[in-house]
Amino acid sequence: MSHRFQTRVWYEDTDLGGIVYHANYLKFIERARSEWVEGLGIDQNSLREQGIVFAVTRIEADFLRPARLGDHLLVSTLPEAITTARVTLMQQVECAGTCLFRARVTLAALGPKGRPVRLPPGMNVQPSA
Amino acid sequence: MSHRFQTRVWYEDTDLGGIVYHANYLKFIERARSEWVEGLGIDQNSLREQGIVFAVTRIEADFLRPARLGDHLLVSTLPEAITTARVTLMQQVECAGTCLFRARVTLAALGPKGRPVRLPPGMNVQPSA
Amino acid sequence: MSHRFQTRVWYEDTDLGGIVYHANYLKFIERARSEWVEGLGIDQNSLREQGIVFAVTRIEADFLRPARLGDHLLVSTLPEAITTARVTLMQQVECAGTCLFRARVTLAALGPKGRPVRLPPGMNVQPSA
Amino acid sequence: MSHRFQTRVWYEDTDLGGIVYHANYLKFIERARSEWVEGLGIDQNSLREQGIVFAVTRIEADFLRPARLGDHLLVSTLPEAITTARVTLMQQVECAGTCLFRARVTLAALGPKGRPVRLPPGMNVQPSA
């Protein structure tokens, strides 16, 4: 089952087109990933003290419909594929049942020198069938 | 030939990983597109008064190496494919000759009701061979 | 009594100092003001269709202690003074009972030509004694 | 004489009011401070390796007139007062000779534990008469 996260569109998220600035969807889905990681029992602050950070290595994103000021957004996050070093997630932003944005996001865990390291234990969730 | 745009990494662009926050590369390449559009003789403010805005409809992005505080970045923009309603660009961010980020970005022109309209004249640049 | 709003620190909010980038506290308190305005029964989207927007005209801000990734922040908002055209608010960001940031914010309502107009009805809340 | 820095308004800086989002002026003046510090021969990356960062402790800001998409902004920075631990700057954003934004910004140097430390040598520029 997918992880679900709620967030809202504030003034700061909009641009002069009157809608959400496109790069900000990446922030929305990153918030959801942070909560997803937290829900797996992984503490990003502790990881960081060990010199380990998660890095986005690839994003394929479709901007389908605009979100607007005040919208209550629902971000769903679903693991699609996992290897020892990488996880690929499907993430989707919807508002009132309509999908606005969809992305496939690949993350790697990077060690102290910026080299890929094993994903932390707990991350090896089983992708949904 | 590709359009070239220079920008710099400021404190605001970094995150606690000590490098540029991933979503900010989308800002860097959007600045470059704005200047590219301007260079084609298209005035986004006038277009907007006619109710026409450019919207990103798809991005495929690879995050290759991190940019850091103070880096002088060079963003190159190259049209790859153009139809009456859409243009696809290859954009790349490099620093000191090393490619840090690469994206294929598809843009559409949207009219007053958010419906796709023809790209403005001037946009129909010939993609490079 | 002050209006209370909760928000959380995400990766996007931090900088390479490992703490929240200073300008982002202004976003946090703006989110709180949006919810405060909404709670007064004022619809910013409707106002905007009439050409009326709220503009910050002055901020005096003290950055007392840093907020960090994952922090759950509480923003309190309290009207301090109100005239027909302006409202001054005291806003404060705290985490776990410690005040991190404090600001006095003055807002004006601006009409279609960017000229000051009367604050919308509903805004004339009585400042607390 | 004041330090001068140029920057431009991009799409990312605007909000649905059609003008620059208020918090972004803080980014503009921070870019100018970074370049001002660099011009004093201080390397923020080296400082940071020693555990020293500059922190904004207070801002008093007046938002006078809005900046708009495409505007070429000039940020001027002028030291107003300096002690061993703090520097206060007057910063101003103008466009085509009109002042849009003005702020008095106080900075402190913070050491490894977030405690105030002496400002780095080079910072002790003489405030203008």
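So that you can tell them apart, the chains are marked A, B, C and D in the order they are listed, and the count of residues begins at 1 in each.
Please note the rule applied: a contact is a pair of C-beta atoms (placed from the backbone, for glycine too) under 8 Å apart; a residue touches a chain by one contact, two chains touch by 3 or more.
The structure presented is a predicted model; accordingly, all values stated were derived computationally and were not measured.
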Co-neighbours of chain D and chain B - touch as defined: A, C
Chain located farthest away, centre of chain B as origin (C-alpha): C
Distance from the mean Cα position of chain C to that of chain A, given in whole angstrom: 27
Euclidean distance of C-alpha centroids - chain A vs chain D, Å: 32
Euclidean distance of C-alpha centroids - chain A vs chain B, Å: 22
Approximate Å spacing (C-alpha centroids) for the pair chain C, chain D: 22
Sequence positions of chain C contacting 2 or more other chains: 11-12, 16-17, 23, 27, 30, 69
Chain D - residues contacting chain A, complex: 11-12, 14-19, 21, 23, 69
Chain D partner contacts - residues on chain C that touch it in the complex: 16-17, 22-24, 26-27, 30, 48, 53, 55-63, 66, 114
Residues of chain B touching chain D in the complex: 8, 10-12, 27, 30-31, 34, 38, 44-45, 68-70
